[in-house]
Every structure is written in C-alpha cells, then in structure tokens.
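As structure tokens, here come the structures.
Next, two complexes with chain A in common: one pairs it with chain B, the other with chain C.
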Partner chain A sequence: MRTYSPFTRAGMLESVAYRANFFCFLIGEIMSCFIMFFVWKAVFMSTDSETFMGFTMEDMVVYLFITFLTGYLTYSDGTYAIATEIRDGSIAMRMIKPCSFDMCFLFQELGNKIINVLCIFAPLVLGVEAYRWIITGACQFDVVHFLLYVVSLVLAYLISFYFNVSYGFMAFYLKNLWGADILKEVIINFLSGATIPLAFMPKALASVLNFLPFSSLSYTPVMIYMGMYSGAEIALRMTMQVFWLCVMILISKVIWNHAVKRLCSQGG
Partner chain B sequence: MKRMLRLHRIFVAQYMKNLMEYKVDFLTGAVSFLLGQVIQIAFLGIIFSQIPNLIGWEFNEILFIYGFSLLPKGIDHLLFDNLWSVGYFIVRKGDFDKYLTRPINSLFYVIAEKFCVDAFGELAIGLILVVYSVIQLKLTITWYMIPLFIVAVVFATLIYTSIKIATAAIAFWTKASGHITHMFYMTNDFSKYPTTIYNKFVRTFITYIIPFAFTAFYPASYFLTGENPLFCIGGTVVASVLLFIVSVWIWNRGIKAYESAGS
Partner chain C sequence: MIYVNDLRKEFKKAIKEPGLKGSIKALFKPNNEIIKAVDGISFHVDKGEMLGFIGPNGAGKSTVIKMLTGILTPTSGTCEINGHIPQENRQKYVKEIGVVFGQRTQLWWDLALRETYSVLKEIYDVPDKEFKQRMAFLNEVLELEDFISSPVRTLSLGQRMRADIAASLLHNPKVLFLDEPTIGLDVVVKDNIRNAIQKINAEEGTTVILTTHDLADIELLCNRIVMIDKGKKVFDGQINDLKREFGQMRDLGFELQSAGDLSKLQYLSDLNLSADDIELKNEGASVSVRFDSNKVSVEDMLSYTLSKVHVKDINLKDADIEEIIRRLYRREVSIDEV
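Let's turn to the complex of A and B:
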C-alpha cells in the first residue's frame, strides 16, 4: 500500500490541476442526458399509457442520470494511456520500476476517481432523488439498494479497468489504437445497455447480453439502484460481476506475460 | 482566391499521404462511427414502435431532421477539423508560431492543413436518411427546393465553423480552450430533435444565443412543411453570417494578443 499511495496522490493532483477542463467536459457530456430527458418527456406526452415498456417517466429519468453517473465513474483510461506508452516507448521506464505494472495504473486512476466522486457523485444522486421526491410526493431513497449500488459500482469499475488494460495491451501488436478505441466505445456502450436499456431489446438478445460481461459494467449497478432486481437476482448479478472480474484479471495477466516477451520499444 | 484553392489541394494531398500510413486504423474508426449512428437510429425505431408520433412528428420526419443535422456537421468535420487542435494543443505547445510566419492568412492555413476523411461516415448516413425519409414521406420536390437545400446546408455549416473559430481563438489568451469548444459544440445535439419538445429556456437558448437550432430543425422543418421560409432559411443565413463576422473578429483580436508559449 505504501508503495502505491504516491500514485494516487499524483492522480488527484493531476485532476485538480485541470479542473476547468473537467467541469467544461462534464457540462458538455451531461447535456446529452438533458436532451434525452426532453425526448422522453415528449414520448410520455405522446402516449396515453402511464408506462413505456414497463418504465414510468421517473424511472426513465433515474435510468438516464444514474447510467450517466455509472458510466462516468467506471470509465477507465487504461487503453489510451497504455497504448500511448507502448507507442512512444515510455513503457520501458515503468518496467524497470520495482512495482507491478497494472497496480501503478490502478492507483493513479483511483486518485482521479476520488476527485470525480467528490465533485459529481453527491450532486447527481441528490438531484435525482429530489426529482423523484417532487414527482411522486414521497422520498424514494432506499439505503440498502444505495449501498449495494456502491458495491456493484466498485466491481463494475474494476471490471472496466482490467478490460481496458487488456485492450490497451493490444497496442503491443497493433501499434496504433485510435480506430480500435472508438470501436470499443461504441460496442461497449451498446452491449452494456448504456445506449439502449436491455429491457427494451428483443427478449432473446437481452438474455444473451445479460450473460455477457458487459451488462456488469453499467446495467447491473443501475438496475440495483432503481430497485428493479429482487434479492435473489441481486445476489446472482453480483456473483456474476465477481466472476467476470476474475476472468478479466486472468486475461490481462496472460496477455501481459505473452506480450512482454515480444515487446519492441519504439524509442523512449 | 485561386491561390488559396491551389494551396488547399496541396495540403489535402499531403494529409492523405499521412493518413494512408494508418489505413486499417482509420477504416476501423469510420466503421465504428457508422455503427454508433445505426444504434442510435435503432433506438429511435424502438421508441416509435410504441408511440404513433412524437408530439405531432412522425418517425420519418424525425429521421429527416436527424439526417439533415448530420450534413452540416459532417462538412464542418471534413474541412475545418483542425480548429480543435488549436484549442487543444497547438497554442499550448507553442506550435502556433508556424502559422504566423507563413505568407498566407493564419486562419486559412489552420483550416486547410487537415482534411478529415472520417467525416464521410457522417455525410453518408446523413444523405441516406434524408433520401430515405423523403421517399417514405412522398414529399413533392419543387425545383427551387434544391438550391434552397444547398444554401441551408452551406450556411448551417458556417454556424458550426464559426462557433469553433470563436472558441478556439480563446486559446490565444488562455493557451488552451479545447474543453470550451467541446462544451459549446456538444449543444449541437439539441438540434437533432424538434425544438417543440424543449422548454422555453432551451428553445430560446438554441435559437438566439448559440443558434444550433438553425443547423437542423428550422431549415429541415421548412422542407417538411413548407411553412415560414423567411424565418427557417433566412434565419439560418442571417444567424450564420452574424456569427461568422463575430468569430473572425475574435480570432483577429486573439492573433494580436497572442504570445508564443512553450520552448
């Protein structure tokens, strides 16, 4: 732990240094939530039914903003950071240090995440809960579901981290990852239910996606927050998260051991 | 003007050579973008399978507006993408000196240097959606519609470009402004849907403050309904010309205030 805490500190300082960028980005990104909010409002105005495929208007709002929050907090920059280091050769500098490669990255990013959590987690959750309170006339906040959500969120972040590390290692073979990185974003957003809620997809497709690792990234924590899962289902989903986390760690170790042998540094 | 066009061709040729080095990478990027748009449209399809129309707009009309919005966005992306780099790193790294020491206009040089071929993804999807929805809606096309359509797209593009010029120029004072460009640029997504779905504040904001509503919904609604040509097409022209004048003024002020950064 002592070895890695300086990395966390560096990560925190880094995000504080660029705080103006951070807030501008946040405003730009959260705008799409508000667009979808208005779209859903129009959808519910255009239909006589109180629900849309089983979701009420406030369900949809909670889904939108909590999915945004979950996506923001589980986002991992590993692919880009690792691909850059491989391309410019600075990865060699990391390899001669007496610490584990992925742990360095993890603790550096944790510093970043601590700042993120402080800045946006509380305001967004409070905003969503205030909205629900006003619309339904009663406080909907459920402490148990909230705590389970936090645990599930941490698991989702770790899965995302190891997945991105493995993906970044592909730069050992491909050298340039710009296109592959965009492809990854698009596919993950679709498979994880972040673009289209899995409940809206055809039954067969939804049940397949539910068993892939990607639903663990966003859909599982969000559904837990919304109280859509029963106790048994929560247990099943979180076990699957743990399972996929172990698989991802294993994959990253295997690729690392294989790739390191054929590493050919481009300068640095 | 002729000299500028010739220079532009040379720049584009140089840039294409650069790009060909990473062919596969570039293709993956373009395909991913297409895929992302297809998923978005599928989502709209799912929504419309449950409702007859979206407060009076039917699915094909929404597709037309959505497709229209991608055309100016795509053209701007194709030709003027380098403005992003000014705000993100060119000024901060001190590389902007290069643009000032050549015997051509700095703004033109920045713009001509890069030619973003991946924008063809946006343009293709936009065109397909526009053509498909026009056929589905059985819109009658009169002869003057086509020049009006071209005028609308060209001036709508100018709105995008002007916003990028103005926000990129902030970097001349602050050294970096990419995140500010990003914040303003993201507002364009509001224009993909009818402004009637928004509340009054948002509607006023995207009509009069950052006039992105003129890049898609207003001109598109004229072609769909034939109503309000003066406001819908004329407004696009006026808004974009005003915005362009202001942004070039900011750029020129910025050049005067510019002090080289870095080593």
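Let's turn to the complex of A and C:
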C-alpha cells in the first residue's frame, strides 16, 4: 500500500496541473446535466399525472443529479490511458518499474478522484438535498442509505476500473482503440441506466440489464441512495457488485498475462 | 553477471499494399510476414564491465535491450541477469536494474521533476538517509539543481536526459541499461553525461550496457563492444581489435583549384594500394577520398595529395560506425569471439 501512495499524490497534483482544463471539464459536465434536467421536465409537463412510470419529478431530479455524480466519480480513464501507452509504446516505461501495472493506474486515478470528491461531491449532494427539502418541506436525507451508497459507489468504481483496464488491454491486439472506446462509452451509458432509468424500460429488457455488470456501475448505487431498494434487495445488489468486481479483476489478469507475452513495443 | 544464450525475437508485421485500396484490403484480409528482429544472439558480460552495443538502425539493439529488461518476451533462447530471468518475477528483477531509453522518458510529464524522484523513492523503497546521499551525489555529477523544481514538460532535451539518467540510478542498480543516452544532445551535455556514467561505474561498480550511434560514446566509455546487424552478432571484442581488424577508415575531403587536376591523383598505383583500401568520389572540383589508415598513413596521404595538386580547402574525418559495418560486410567476414 505504501508503495503506491505516492501515485495517489502524483495523481492529485496531476489533476490540478491544468487548472483551466479542470474547470472547463467540470462546467461542461454540469451543463449536460442541466440539459437532461430540462428534457425530463418537458416529459413530465406533457403528462397529465403527477408521476411518470413511478417516478415523481422530484425523484427524477434526484435520479439525474445523483446519476451524474455517480457516473462522474466511477468514470475510469483506464481504457484511454492504457491504450495510449500501448499505442505509443510508453508502456515499456511502466514495465521497468517494480510495481504492479494495474495498481499504479488505480492509485494514480484515486488521487484524481480525491480532488473530484472535494470539488464536486459535497456541493452536489448538498444541492440535491436542499432541493428535496424545499420541494417536500422536510429533510429527506437518510444517513444509512447514504453510507450504503458510498460503499456501493466504491464498488462501482472498482468494477468500472477493472472493466476499463481489461478493455484497454485489447489495444495489445488492436493497437489503436479510439473507435472501440467510443463504442464502449455509448453502450455503457445506455446499458447502465445512466441515460434512461432501467425502471422505464420494458420488463424483460430491464431484468436482463439488471443482471448484467453494467447496472452495477451506476443504477445500483443511485437506487440505493434514493431509497428505492428494500434491505434484502440492497444485499442482493451489492453481492452482485462484488461478484462482478471479482469477475472483472480475473478477466483483467488473464488478458494481461496473455497479452504481455505478445507485446511488441511500438515506436522504437 | 549477464548471460545471453541464442536469443531470438520474431515479430509479425502486417504487409499493406500501397494506397487507400491496399489499406482497405488489409483491414479485411490482413497479410502477415514474420520479421526476425533478433536472430540467435549470445554473449556474456562480467560484473562492473561497460559494454557498448552497436549496429545500424533497425539492427535489433533496442529489441535485445527490451528483452534484457523484461519488457519483451523472447521467441526463444534465454537471458539471465544476476541470477534472474527477466520475464519471470519481473517486479523483483527490475528492482536491481536501471533503464534509460533515450527516446522516452520515465519522468512524470506534468509534475515538477522533484515529484518524480519522491515517487521513485517509494517505489524502490529507498530509505530517507540513503535517498538524500544519492540525490546529493546525482546532483553533483548531473547538475540537476537548476531545474529540479520545474515541470518535466518544460525541460530541454539535455536536462531531461540528465534527469532521466538520475531517475534510473536513484535505487543504486546493479546493472544500468542505456539505450541511446546521448541521442540529439549537444557536445557539452554529452560530455557531462559520459563523465557521470564513468564516475558511477568507477565508484559503484555498476555494470553498464549501452547502445549508441555515436562512436565517441563507445571510445570514451566502453572497453568492449558487441556489434550486431540484421539481428545477428557480427563482432564481439575490444574496441582496438575492431579497429585493427577492420581498419580505420578515414575520409579526406578537399576542394581542387581546378577540376582538371583530378587525373594527377593516382592513389592506387603511386601509393601501392588495392581497390579495397581506397575509394575516390568527386563532384566537380570537390573530392572526397576514403582510405584505410592502416594501409597508408594519414601523413603519407596528405603529403602525396598536396604534392600533386593545389587545394583550396582540406579536411580529415573519422569514418562512422556504419562505415565499419559496411566494410565488414563487404569483406564478408564475421568474427564470433575474439
């Protein structure tokens, strides 16, 4: 653990190295969140009833912003970072260091995440809760659900990380992963319920998607936060998350062990 | 210390026909060809030795270094360094080596240089006291002080290379691999880096393996060289043996007062040389003569030339490493062990 802690520190320094970039990214993300908010607002205004598929407008706002937050915090740059290093051959520089390849990336990214949590997590949760308080006239914040959400969020991040690492390792075979990376983003956004809540989808499709690893990435923690799951359901969902995490770690190890043997360092 | 035995590495290379049509065809029906980058190389290096690894571009030098450092897995053959096989237990092995690839950097691009060193200190588990001593030593030989607080992306190539070499030495490695450490550097920085390498080798007994295109690096640093070409070893021995064996080719260039004088120079018959020892090229009045200085001394060559013709300008150069290899091939000899 101590070996990797400087990576976290370096990750933190790195994420604030380009300040303008950091703030532009943040503003861009929040803007896209508000765009979704207005889209859904239009949907709710055009229906006659108070609720839409079991969601009130208030639920929808919480869903949108917490999904955004979850997506933001569980986002892993692994695919892009690894693919880039493989493509330009700089992965060689990592292999001459006495540390595990995925751990370096993980701890470096954790540094990044710490900065993100400080800059966006607290203000957004406070904002959402303030909104709920104003709309319903009572404090809706639930400490237990919140803590469970945090645990689920961490699991979701780790799944996302190992999924992205495995995906990034495909660059060993494909050499350039740019196209495949964009395809992945779109598919994940849809399958994880980040674009449309899984509850809005046809029953059959929703139950399949609930079983797939993608729902563990975003839908599970968000539903826990919103208190949509019963105790038993939370236990089941989190077990699923742990299960998928183990699967992803295993896959990444298998791919790494296979790929490293056929590594051909590109560019001299 | 280092034993390399019949090392081979083959790459698959996609063959594309030229143009857009060829690229599209290759997209659907890839056509591969096997390239033998390293084709059965064996050698060994003793502790504390400085070995120069030379050969033309694409000879397979970097591929050998990458296999020795555990980055690439050999297709066949073995290498053993300090009792370790690099591909087995990579993490343990790399703690004992330092690596610099001149064309890449191990420094943290966006961070101050100092931060890279503190990350490395933790990775290699260097105790505080040792780290301070080590930094002081590296600072002295490589003069890092001026730019240690600057972000790495703002460093000049020479500064970056010095910083990279320092990074590879922080944990006091037993073996240091340097892949073209002086590429693209000016004379002063080159000197600086050579001195540092020499000092480290002398003081710590670090074994050094170095690849380069600069013959001066080799002459100043290495007692022994291994030369490879097209993936095969063509020479292994002392640098003086190489010179004696393959002659010291020199280039004499001069500008004639009048181009017609060229016919007055009859090197072959007047100096009693064979066609293999001398080669004359000219472009109008400017002439270049490449000759073997073991067969005819520089002095004789100059005095003969100056006695026959009037020249405006004259210069004398060492032949480069590629010329030695070219010559070696022309003679169609190969020497395995000297």
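Annotations for the structure displayed:
To be clear about the criterion, the second predicted complex is superposed on the first by the 267 of 268 C-alpha atoms of A that agree within 3 Å, B and C clash if a C-alpha of one lies under 4 Å from a C-alpha of the other, contacts with A are read in each partner's own complex, and residues count from 1 in each chain.
Quick note on the criterion: a residue touches a chain if its C-beta (ideal position, glycine included) is under 8 Å from a C-beta of that chain, and two chains touch if they have at least 3 such contacts.
Remember, predicted model here, so these are calculated numbers, not experimental data.
In the model built by aligning both structures on chain A, chain B fits alongside chain C without clashing.
In the superposition on chain A, the chain among chain B and chain C reaching more residues of chain A is B. Contact with chain B, but none with chain C, is seen for A:182 once the two complexes are overlaid on the shared chain. Taking Cα centres throughout, chain A sits at the apex of an angle toward chain B and chain C that amounts to 80 degrees, reported as a multiple of 10.
In the superposed model, A:246 makes contact with neither chain B nor chain C.
Contact with chain C, but none with chain B, is seen for A:14 once the two complexes are overlaid on the shared chain.
Applying the stated contact rule after C-alpha superposition, one finds that A:126 touches neither chain B nor chain C. Look at A:5: by the touch rule set out above, it reaches chain C but stays clear of chain B. When the two structures are aligned on the shared chain, A:97 is found in touch with chain C, with no touch to chain B. In the superposition on chain A, A:261 contacts chain C only, with no contact to chain B. No C-alpha atom of chain B lies closer than 6 Å to one of chain C in the superposed arrangement.
Touched by chain B in one complex and by chain C in the other is not one residue of chain A.
Residues of chain A touching chain C in their complex: 2-3, 5-7, 9-10, 13-14, 17-18, 89-90, 92-93, 95-100, 260-265, 267-268. Taken in their complex, chain A has these residues touching chain B: 20-21, 24-25, 27-29, 31-32, 34-35, 38-39, 41-43, 45-47, 52-53, 174, 176-180, 182-183, 185-187, 189-190, 195-196, 200-201. The touching residues of chain C, when paired with chain A in their complex, are 11-12, 62, 66, 69-73, 90-92, 94-95, 97, 99, 101, 103-106, 108, 110-111, 115, 118-119, 121-125, 151. Residues of chain B that touch chain A in their complex: 22, 24-33, 35-36, 39-40, 42-43, 46-47, 50-55, 176, 178-180, 182-183, 185-187, 189-190, 192-193, 197-199, 202.
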